[in-house]
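Look at the two complexes coming up: subunit A is in both, with subunit B in one and subunit C in the other.
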Partner chain A sequence: MSVEEQEPQEDAVQERSRGDELADLLGDLVISREEHLNAPGFVIRPDQVQETLFKLRDEAGFDHLSCVTAQEYEDRYESIYHLTKYDERTDEVSIVVPTSKDDPVSQTAEPVFRTADWHEREAYDLVGIRYEDHPDLRRILLPETWQGHPLGLDYDQDRPQIATLTEHANPLAQDSRGDEGNTMFINIGPHHPATHGVLHVETVVDGEQVVDLDPDIGYLHRSEEQMCQMGTYRHQIMPYPDRWDYISAGLLNEWAYARTAEDLADIEVPEYAQIIRTMGAELCRIASHMIALGTFALDVYGDFTAIFMYAMRDREIVQNILEDLTGQRMMFNYFRLGGVVWDLPEPREEFFEKIRDFIDDLPEALEEYHDMITSNEILQARTVGTGVLPPEVAKSYGATGPVARGSGIDYDLRRDDPYGYYDKLDWDVVVEDGCDNFSRLLVRMREVEESAKIIQQCVDLLEDWPEDERNIQANVPRTLKPDEDTEIYRAVEGAKGELGIYIRADGTDKPARFKIRSPCFSNLQTLPEMSEGEYIPDMIASLGSLDIVLGEVDR
Partner chain B sequence: MSSEQKPFVTDDTQVQTETRDARMAGADDRFNSKLREAFGSSPFILTKFDKFMNWVRGSSMFMLQFGIACCSIEMMHTYAIKHDLDRFAAGVPRASPRQADVIIVPGTIVSKFAPRMKRVYDQMPEPKFVVGMGSCTISGGPFQESYNVVKGAEEVIPVDIHIPGCPPRPEALVYGIAKLQERIANGESSPVTVKPYELEQFGDLERDEIVDKLAEQIDEDDLVMRYNWADSP
Partner chain C sequence: MSLQVTLPDTISGLLGLEGVLGDVVGGLIGAFIIANIMLITTAIAGPWAKRKITAAFGDRIAVNRIGPFGLLVIIPDAVRLMSKELIVPEGVDRPAWDIAPMIIPFSALLGFAVIPMGNGIQLADPETGLAFAFAAASIASLGLVMSGYASNNKFSLIGALRAVAANIAYEIPLVITAASVVIFAGSLRMSEIVAVQAEPLLTVAGVSIPTWFAFVNPFAFALFIIANLAEIGRNPFDIPEAPTEIVAGYQTEYSSIYFVLIYLGEFIHIFLGGAIAATLFLGGPAGPVLPGFVWFTIKIWAFFLFTQWARSAVPRLRVDQFLEIGWKGMLVLSFANLVLTAIIVGVIA
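Up next is the complex of A and B:
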């Protein structure tokens, strides 16, 4: 694919000069330089993290802390801050902060980017790096009583562990918290119909208003990163992405891994396969947004009523199409490095017909949703002007996807960091600037239309594709062994936002470090910001509008 | 009734847990009606009445609205239109465990969640039934080698029906529920297998290295769940 070939080279040229520019800007702060496949890397001292990041944020415009990766080497610990820009996604830089093995202490980045709060807590929890001056450095995914740091090198998995039940004991026993006023402490979750899974929200209320709110996560921490580090690049990792964002967003997640690993191992994907991927991914996006819509209505109206059922009805159609394509309803495992596993199902005309029927019926279905949801006064009263998330706050928390676009941030990786076939198709990025629950809902509904547009074009392309050029997979070696110490961080636009993956290769056929940047993890961090001072029902609506999926938050 | 069948038990000295004991005590307690206790004699009517009660139980099941992971999405599809579990008299999800008869465990159980799930299960009134949905509730499924995943729901609560799949299709779940109804209607209960993880007071744990380490952090009478990962299957 000629266009794809040219792009990386152009990037490389640009990055080289960009790296020098940034080196000049940072000056003495830089100890040494590294080259990551996606960006220039700068090694800095652990006590100059804030200074460096402030400089990059304020003087070079790096306003998006996409991810914080922590890892342990034989001789040191390392935190990597993956920075980029909301306005220009392809301008990336990695700040590498090594710390000593005996005393892994590093300065926190929380004052610069508030999203670093949770990311660093996760790094502390799983790898064991301590962050100095961090406002609240405690375990985030594992129980407080856990012993050891499981992604460290010397962790013994067979050691017994103890988890307590009393951490968030009977709320009535501690019905006031804080020094003044009649506040009450309420546990919402982890088993609660409104939390969309096993999320636990520790809430302190004063009457009907939320005074303090702390999402407690980790009830579905299935150690996806460990599972991926134990699998081989070629085949064993691909099934797991399906289970991160499990709301039928499987192909979008698989693409995140496929894109990262293909860039890492320098694999070209045939154009035909890219179109199939694009089509499948957008079908997944529709399925995912449908459930977001259904459960949001469920949260706001509080019953298994028409909207939920209608959304499920449309999802069933999408799932049937995806099943025809991949053979599974949810856990597709359809992508392979270098392409997809098999071609479209025969007879192709029937398959296209099925998709066309769905796309043709969609406007009418959406009309129905708009009748029932967005033009309903009750829902408007509940959602317009509630759960307000200003764009600056959203950026500081690293919010992406429909949450960012609902706050007026024009940011979509499909356009800003193009992959697949998106840049050759005609579609628009949906942005609403209401910053409230209603905008986020609208963004999702309008994105469904855009996805339908993309699918339509893909179907047309696939239908006319010459029969002897249907190349679904590139020629990929059976065993992939990327060179030692190659590092890469790549992201795609998942259903919930920027889904990124960092891989460090160590010369074997398995990754040495596999870090997942989950969009929900960052998006959920904005919940206290949206809800504190608001009413409890608005908090539930905000939580619904964030559309989190706990499999991805906890990984 | 299949009460004469002895439940399958492995090493009795190692594992003594309350839920299992309760189930093993004579006939399965869940099927003993209060009327049988009260009338004792006159077996004819009560046999028929028990049968009737079992049939009623099987034909009107309240499920707990309990979503954990991927399988809960397929569970939602099973409740929603097209598959509509309600057609099989088992469709109304209850938000509170106090109102539910059946808990479908739809997903991976991790160390932080297992004590909560046990608590939810304990809050359900007897007779209660458990459907394990998906591979994770059988063995930990794809995450069996993980450091944080409990290797199957049966390590925490007894499971009546296992439905394999990752995730099982809605049809499979419907089939599993139908099988459960059939068993309930016949008054059959499932054998209880080894269940090593139970909530217990921290003070009751055997002292060893990890208990000593945590002694300052946890009160003597706090409920804890201890995971012996090395002994897990």
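Up next is the complex of A and C:
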């Protein structure tokens, strides 16, 4: 593909000069420079993190802390801050902060980017780096009683861990009966009808109003990062992404890994396979948004009501199409590095017909949703102006996907950092300026239409594709061994937002560090911001409008 | 207008008993019959009809394996519900916690004592019939508060507080709207309210339309239905339960037979709401061709269907919006309706 060939070179030229520019800006703050495949890297001192990040944010416009990766080397710990811009996604920079083995203490980035709060907690929890002046450096995914840091090099996996109930802090102990007066502590979750999985929201209410709230996550932590580090690039990692955002978004997740690994190993995907990928991914997006719509309605309406069932009914059609395509309903495992596992199902005409029928019926279905949901006055009274997330706050928390676009942030990786076949198709990024629950709902509903547009074009292309040029798989060596110390951070637009993966290769056929940047993880962080001072029902609606999947939050 | 013969009188007449003995025996047997009618109705409504209706709204099939249209699912469901383990949480306030689930269904059943169901099926017909029905139905609030407070659960407590707030806010418009009907009818006695509605309002092409108060004053009817929805806690007013917000409200900690009793109470309350609405606004058991009791059954089931429709299709209001509508909207409108009705009736009569 000619376009893909040229782009990396252009990027490289741009990055070189960009790297120099940034080096000039940072001046003495830089100890040394690194080259990551996606961005220039600058090594800085652990006590100058805030100064560096402030400078990059305020003077160079890097307003998006996409991810914080922590890792341990033989001789040092390292935190990497992956920075980019909401306005220009391809302009990236990595700030590398090494800390010593004996005393892994680094300055926190939380005052600069509030999203660093949770990311650094995770780094502390799993790797063991401590962040100075961090407002709340507790474990985030593992229980408080956990011993050791599982992604550290000297961690003993065989050591039994005992996390007894008695060692847990009694959540009821915080009940402010008497002294403080009028507040009440309630545990919303981990078993609660509205938490969309095993989320535990520690909530302090004053009557019906939320005074304080703290999402407690980690109930579904399955060591996905470590499992990926134990698998080979070529085959063993691909099944895992399906299990992150397991609600129909499988292909979108697989693409995150495929894109990262293909860029890492310099694999070129045939155009035909890219079109199939694009089509499959957008089908997944529709299915995922249908669930988001249905469960949001569930949170606002009450029970498994009509609108939830309608959304499930229409999603079922997508699921059947995906089943025809991949042979699976949820855990697709359809992408391969360099292509997809098999071509479209035969007879092709029937398959295309099925998709076309779905696309043709979709406007009518959406019309029905609009009749039942968005034009309902009660729903408007419930959602317009509630769960407000101003764009500046959303950016500070690294919110992406429909959550960011519902806050008026025009940011979509499919357009801003094109991959696959998106840049050759005709579609629009959906943005709503309301910043409230209603906007987020609208964004998802309108995105379904845009996805349908993309699928339509893909089907047209695939139908006319010459039979002898249906190449679904590039030549990829059986064993992939990227060069030692190559580092890359790449993201795709998942169903919930920016799904990024950082990989560091160590010359073997398995990644030395595999870090997942989950969009839900960052989006969930905005919940206290949206809900404090609001009523409990609005908090529940805001949680629903974030559309989190705990499998992806906890990984 | 002659006083109608009530069910106990009929029974004691049939048995040839007189005096106090006749009243007691007739009353007991009559109450037994009425209670069983309502329990059977609820048994059909809860495990079967509700599922079928909700499924129809959501494009599903629901129960269809046992018996025709899955009707016999009622039996295994009853066995299942009753044989479940009763979990008594630590720290519940014991007698109150046990009494609450009994108060809720029995208050609703009590309300049916004064409802004329047609064909002479009416347990009692006191002069204060309507007031009695509302008073009996309101006892349920006590049960809700007891269950919420005694459960020692924060979700239950919030649910109970919401239930009380809802009942206070919507009971007043409900009763005031009913009072406007009483002004028309000139009596609180249920049989007289029904009898007044039997007179023809106007005749169109040979078909005589009766003076059902729903036709005479549709505005009051709409107000009454809305307040009624709030009273029985169905969407958009299912604030006290609000499953996605406060788990199950006041009934969070109840399981097994207590759970059944509370649910039973809710369903009978829906039917009682429908029965009062039918009596006040839809001519009670009146209707062409079919016997009165059948018409009465059709009317209360229509109301049940309406509540299920609302539940499937209408979002829930937020608790503050809910109370705002109650105090600032419903209350004002119902008083306006009452005053207007009084003026109109005063001028005409």
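In this text, the second predicted complex is superposed on the first by the 540 of 555 C-alpha atoms of A that agree within 3 Å, B and C clash if a C-alpha of one lies under 4 Å from a C-alpha of the other, contacts with A are read in each partner's own complex, and residues count from 1 in each chain.
Simple rule for what comes next: contacts are C-beta pairs under 8 Å (C-beta built on N, C-alpha and C of every residue); 3 or more make two chains touch, one makes a residue touch a chain.
Values in this document were obtained by computation on a predicted structure and should not be read as measured data.
After overlaying the two complexes on the shared chain, residue contacts for A:Arg382 are found with subunit C alone; subunit B is out of touch.
Comparing subunit B with subunit C, the partner in contact with more residues of subunit A is B. Touch criterion met: A:Ser248 reaches subunit B, while subunit C stays clear of it.
Once the two complexes are laid over each other on the shared chain, residue contacts for A:Arg313 go to subunit B and to subunit C alike.
By the document's definition of touching, of the two partners only subunit B reaches A:Tyr219; subunit C does not. In the superposed model, A:Leu499 lies in contact with neither subunit B nor subunit C. After overlaying the two complexes on the shared chain, residue contacts for A:Asp538 are found with subunit C alone; subunit B is out of touch. Once the two complexes are laid over each other on the shared chain, residue contacts for A:Leu550 go to subunit B alone; subunit C is not touched. When both complexes are overlaid on chain A, the residue A:Pro193 reaches subunit B and subunit C alike. In the superposition on chain A, the residues of subunit A contacted by subunit B and by subunit C overlap at 192-193, 304, 308-309, 313.
On the subunit C side of its complex with subunit A, the touching residues are 54, 57-60, 154-155, 158, 235-236, 238, 241-247, 311-321.
By the touch criterion given at the top, residues 65-70, 72-74, 76-77, 79-82, 93, 95, 97, 107-108, 110-120, 142-143, 145-149, 166-167, 169, 199, 202, 205, 208, 210-211, 213-214, 217-219, 222-230 of subunit B touch subunit A in their complex.
Listed in rising order, the residues of subunit A touching subunit B in the complex are 142-147, 150, 155, 157-166, 190-193, 196-198, 218-223, 226-227, 230, 239-240, 243, 246-248, 291, 304, 308-309, 312-313, 315-316, 319, 329-331, 550-551. By the touch criterion given at the top, residues 184, 186, 192-194, 208, 297-310, 313, 372, 376, 378-379, 381-382, 535-538, 540 of subunit A touch subunit C in their complex.
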